[in-house]
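As structure tokens, here come the structures.
One chain, chain A, appears in both complexes that follow, with chain B as partner in the first and chain C in the second.
Here is the complex of A and B:
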């Protein structure tokens, strides 16, 4: 008996001109956690998609415990006991948890006996690492719960090899610890083998047994986690030339208010009040961070600012004028917004990168003249933005939905933070900008947000990552249950106090 | 693959002809002879070509009624209702302008028909956007309502008492009829259809409006983020689709019947749905598809007469083409994904 659960040998895959994978090999040991690291676009998702038969590799093979196996499609993979959780959710939103779990089975009977399924899944759910309400509609689950559901969905299929593509990108550190801790227990107890893609060194160091690093589609190294340190891994990821530059926060004199939210009330999808009479001013040259546990109204706040949700009361003023998210005002006032989950919120998957980059200005010269599009001008501008923001592959006419998760994020950043033909950026709203980005990209994005601030933009940063908030903000608000419950500055901030307010136990020393 | 757009429909077409041959053999006819009849009835002679193109004219326009909203991800099947209301509005306007100059009358009829059809489908879009009413169901119901309105009026107040067998409105006057193209029997409706398909293709492909439609159809959240008026765009696109189908109704009245009656409800709207899907909602691809389906329509009676086949036989052929086209598209998309290329 071999102690390998799975082995990929010399796998290559190209997309047009781009070599996404170039003879990459990987050995997954039985009963352990193997981390797969690499920059955005290094080829991590492509490799695991080749392993489960979602893509057919151009060359190379996949062995399952010594025997060569042709895995032609994800159903074959399932029959061989391999399950995968994709980087983007694959749940059916309008169905319940139970329905999603049952429908995930590849070999369904013609008639489903829901009563029986319910009982069987209910019993097995008790032994799963996470408990989920079977009758809840997936629509109403928070990101963390959806991720747990995706994992449980695979575990219920009795997989022996579980592949997770960035399962923690949408989770808070606490949630990530819970999920990864439970999964590690399962590898110890039941011999489950796990291959996990992540951008977070902390998770690799704490939970993984082995690690493989990809760089630009090539195998850059493999090691036991006990034999490496973070610095070594970082160097393996980007080559030896990486350097970290500190953020330059320039001093700015007292400045006018550019974003003024007064008494804003918002309802969530089910008509319940999500935000109650929230007031907030952001001045030019200032980053205001909103910290909080997800699901406390942050998403609704960003959606209202993005024009994706109506407000139920109150007023938003940008540059002193009432703001309703109309296109004209957006351009005139230099209002920019980077919502979370760019593929869902900020891009059209089947349109090309060049088109997606033109969303802000497609109806202006030079992108259109007299109502007719000038696609040539769009392509030229896109080519520049792609170089500037290092989007890979550098082809403007690839549909944006084909890009790796991190590259989609970069493309949208290029649209909102990039070239503006001399128009000022007055307001910038950013939500969780670094979900799914590698560490060099995170540093670069933070640099760009800071640069926007230094250039006089009023920046509202909504993030679940407290470290990010502490690093970037000039002022910090904590949001809980739809209200701003506490205000502080990074200098005065005490993590324990912030944590208490985030959890909704502000106590007597309420500020508001 | 550059040739895929042609390969897919051609393969599907060949397969459906084979399948159809099997079907007519079972029905006791000689497949090869049936093929020959279809060819003769549809494309064999100048006379049959004219019949084919006359049938294709309203089909192009009704197909647009489904194809335009499809870019927004809406499945609108209200072409039949828009044809009926458009025809009715055209006839009423024609009667009101019976003393006017023919050009003025024709222009007025076209405008009224487009407005009637456009508002009907526009209402479908508005209900969808602001009341979340399913557009497929509402447009289907509007078909029945429109047909009922037509019957009610032509049997009742609008009826010309001289029309005994088929209750109709009064005639709009021979001098006010829409003429033919040159020496042929092909009327101007075919020209309208061609021009509409061409213009809307340019609109979708080349203009700022088409770009905005792609954004809304691809991801309404992203469109809102960019400040687009999503509701207005949904309404306008539905309005244009309905206007095209309404114009088909005007063509039927002004070029064929001279009156509004239940002949307006001849299934052009429903057939347009098939054509739109078969053409993958591409305005230019609608033209050949409409001609193909028009040909099958034109050859229907010949098949019936020469081979003693039931008159639903041409519907069977249409159905086979439709299903195989959609199926082959799914197969090709799957293959494209495996290769990792753009589907």
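Here is the complex of A and C:
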């Protein structure tokens, strides 16, 4: 009898020119947690999607127990006892927890006896690692509870192999510990085998038994976690390129307040209050980091600053003058913004890179003369920016929507941070700038943000990545439920304390 | 103005009776629209279904001599129009609102064209229950003359609510309406479910049309419908996609529609046209009230995402 729950042998997958997976093998032991570690784009998701039948691998095979299995689609995987929790939620928001759990079952009766279902699921729920209110509507659950519900949904289907794709990305550190801890207990008690995709070393070291590292679609190494350390894993993950150079943080002599937010209140799309009387000052030559779990008002804050959402109260001042987020204000005050998901929030996907780069100044000389656009001038400026910011492919006429995520990010960064021809850069607002980017791109973008700070800009960095906040910020605020609930500095910061504030359990520091 | 206070009672009774009489077509069209929208599609063409249903129902009832066969025929035309709507909407880049408007105009025009010979003949009416036989007050007796289709609708509303809550098919429709992704993950055929929901919704709207020609106001004429099919769309939003609330909202709209005639019956001639406009004013007010985003709870996810 084999002690393997699942084995993938020499799995390869191509997407056009790109070799997403190149003969990768993985052995998942019974009753343990196996971490699949790698940078974004290393092929982790592609590998598990091949295992659960979401993709058909070009070569290689998947063994379950010791038998080779053809898994043509996620339904087959289900029938074989493999369940996967995807990165995006697959719950139905307008339905209750109970309805979602019942709907997940493969064979529903024609008429559903809700009393019976409630009793049956209630009894099994009592033995689950997480308890959830059966009658709550899913759209009223917090992100952490939704994640737990996704896991419970799979466990109720009696899966033997559970695959989790970045399960902690929407959780606070406390919640992540709870979820992973409970899952580890389950592997010990019930023989469940778990494969976790992650890029967080801490989770690998604390919870996993085995680890497999992927790099650029190739198998970079496998080990017992007890036999490796973080440095070894990091080297496996990024190869010889790994070199963490501290960013040069220069002292800035004069530090006038450049961005002053006073009593700002904002409503979300459904008219509910998203930000309550938020006040914040950012000085020249300072990076203020806003940490928090997504969905606590960060998106609304950035949208108000970018002029994409009206405020419901309070005042924003830039360089001492009232700022309303109009195009005129942005230009005059040297206000620059890199919102999250720039393809959606800061560009027009079907317009070319050159046109997108010219958005800020298309109606001014040299891009516009006498009311006519000068496409030649735009193309020349775009070509320079593309070289400066290493945008691939280096063709100004490509629609920006055809670029990869990292290259869209670079292009928009070029627009916001590139040539200004003597115009000042006073304020820079950046939101999740490195989401989905590889190590090299992250280092480069962090360097640009730091350079803007050193040049005297007031930088507001909104990020869900606590490590990024700790690395870049001069001061840190934690945002929770639309309020700034905690302030600290990177030197004094303790991740556990920050995490508790992120979760809204700040104790005596909580501002009411 | 009214001097005798007992006349207020007469008006009230007339409005209640009118709520049922005028509200019945609203009830059927809104239940049909509710069913279709739950699956994630808006069918604005139900006004066309209503008028086609009125024409076909009247024609078939006249030819066969059976009002109930007329009702079935009216429903059948609705199924055909619903099928065309669903078929067009599942093509790439086709907008359901635009298709709905086209079908509304098609249905209306076709009904006027085919209905020319139906203006003269007299078809049998649908039966009514005389629940007011015990009373010697003629106003009350008139108000309590409950038509059979209304009773069908009153049974249908809770049945539909149960269907959405507790049947596999109802859950399938809701899942498709909430999220294409989730529905596909469950192995549901998204377009197939939407087609069936649109056809069934079309059937109900057609039946609503049969009520217009076979009961109240009765007869076939080109001015038979006064936009009930369109107002039912507003009504579904107001009812937050809940069949039981569709029933209450239909009665409310029916009552508003009966206000003008009821006041006229006791001799108030002032503002007759103004009172007749009450349902439309009500529609506007409800749309403004419903545009507040807090009311949007209950909206199917795929509709909310647009």
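Following the convention adopted for this analysis, the second predicted complex is superposed on the first by the 291 of 512 C-alpha atoms of A that agree within 3 Å, B and C clash if a C-alpha of one lies under 4 Å from a C-alpha of the other, contacts with A are read in each partner's own complex, and residues count from 1 in each chain.
Note that a residue touches a chain if its C-beta (ideal position, glycine included) is under 8 Å from a C-beta of that chain, and two chains touch if they have at least 3 such contacts.
This one's a predicted model, so the numbers in the text were calculated from it and none came from an experiment.
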Open item on the list: With both complexes overlaid on chain A, does A:355 touch chain B (first), chain C (second), both or neither?
Closed with: first
- [ ] Could you say whether A:499 touches chain B, chain C, both of them, or neither, answering first, second, both or neither?
- [x] neither
Open item on the list: Touch test for A:173: chain B only (first), chain C only (second), both, or neither?
Closed with: neither
Task: Partner with the higher number of touched chain A residues, chain C or chain B - done: B
Open item on the list: Under the stated touch criterion, which partner chain does A:112 make contact with: chain B (first), chain C (second), both, or neither?
Closed with: second
Task: Partner chain in contact with A:129 - chain B first, chain C second, else both or neither - done: neither
Open item on the list: Output check: A:306 vs chain B and chain C. Expected answer is one of first, second, both, neither. What do you get?
Closed with: first
TODO: Name the residues of chain A shared by its contacts with chain B and its contacts with chain C.
DONE: none
Task: Touching residues on chain C, where the partner in the complex is chain A - done: 165-169, 171, 174-175, 178-179, 181-182, 185-187, 292-294, 296, 298-301
Open item on the list: Taking the touch rule as given, give the residues of chain B at its contact with chain A in the complex, in rising order.
Closed with: 206-212, 214-215, 218-219, 221-222, 224-229, 338-342
Open item on the list: List the residues on chain A that touch chain B in their complex, please.
Closed with: 13, 15-16, 55-56, 306-308, 325-331, 337, 339, 344-351, 355, 358-360, 362-363, 368, 371-373, 398-399, 402
Task: chain A to chain C touching residues, read off their complex - done: 74-75, 90-95, 99, 102-104, 108-114, 269-272
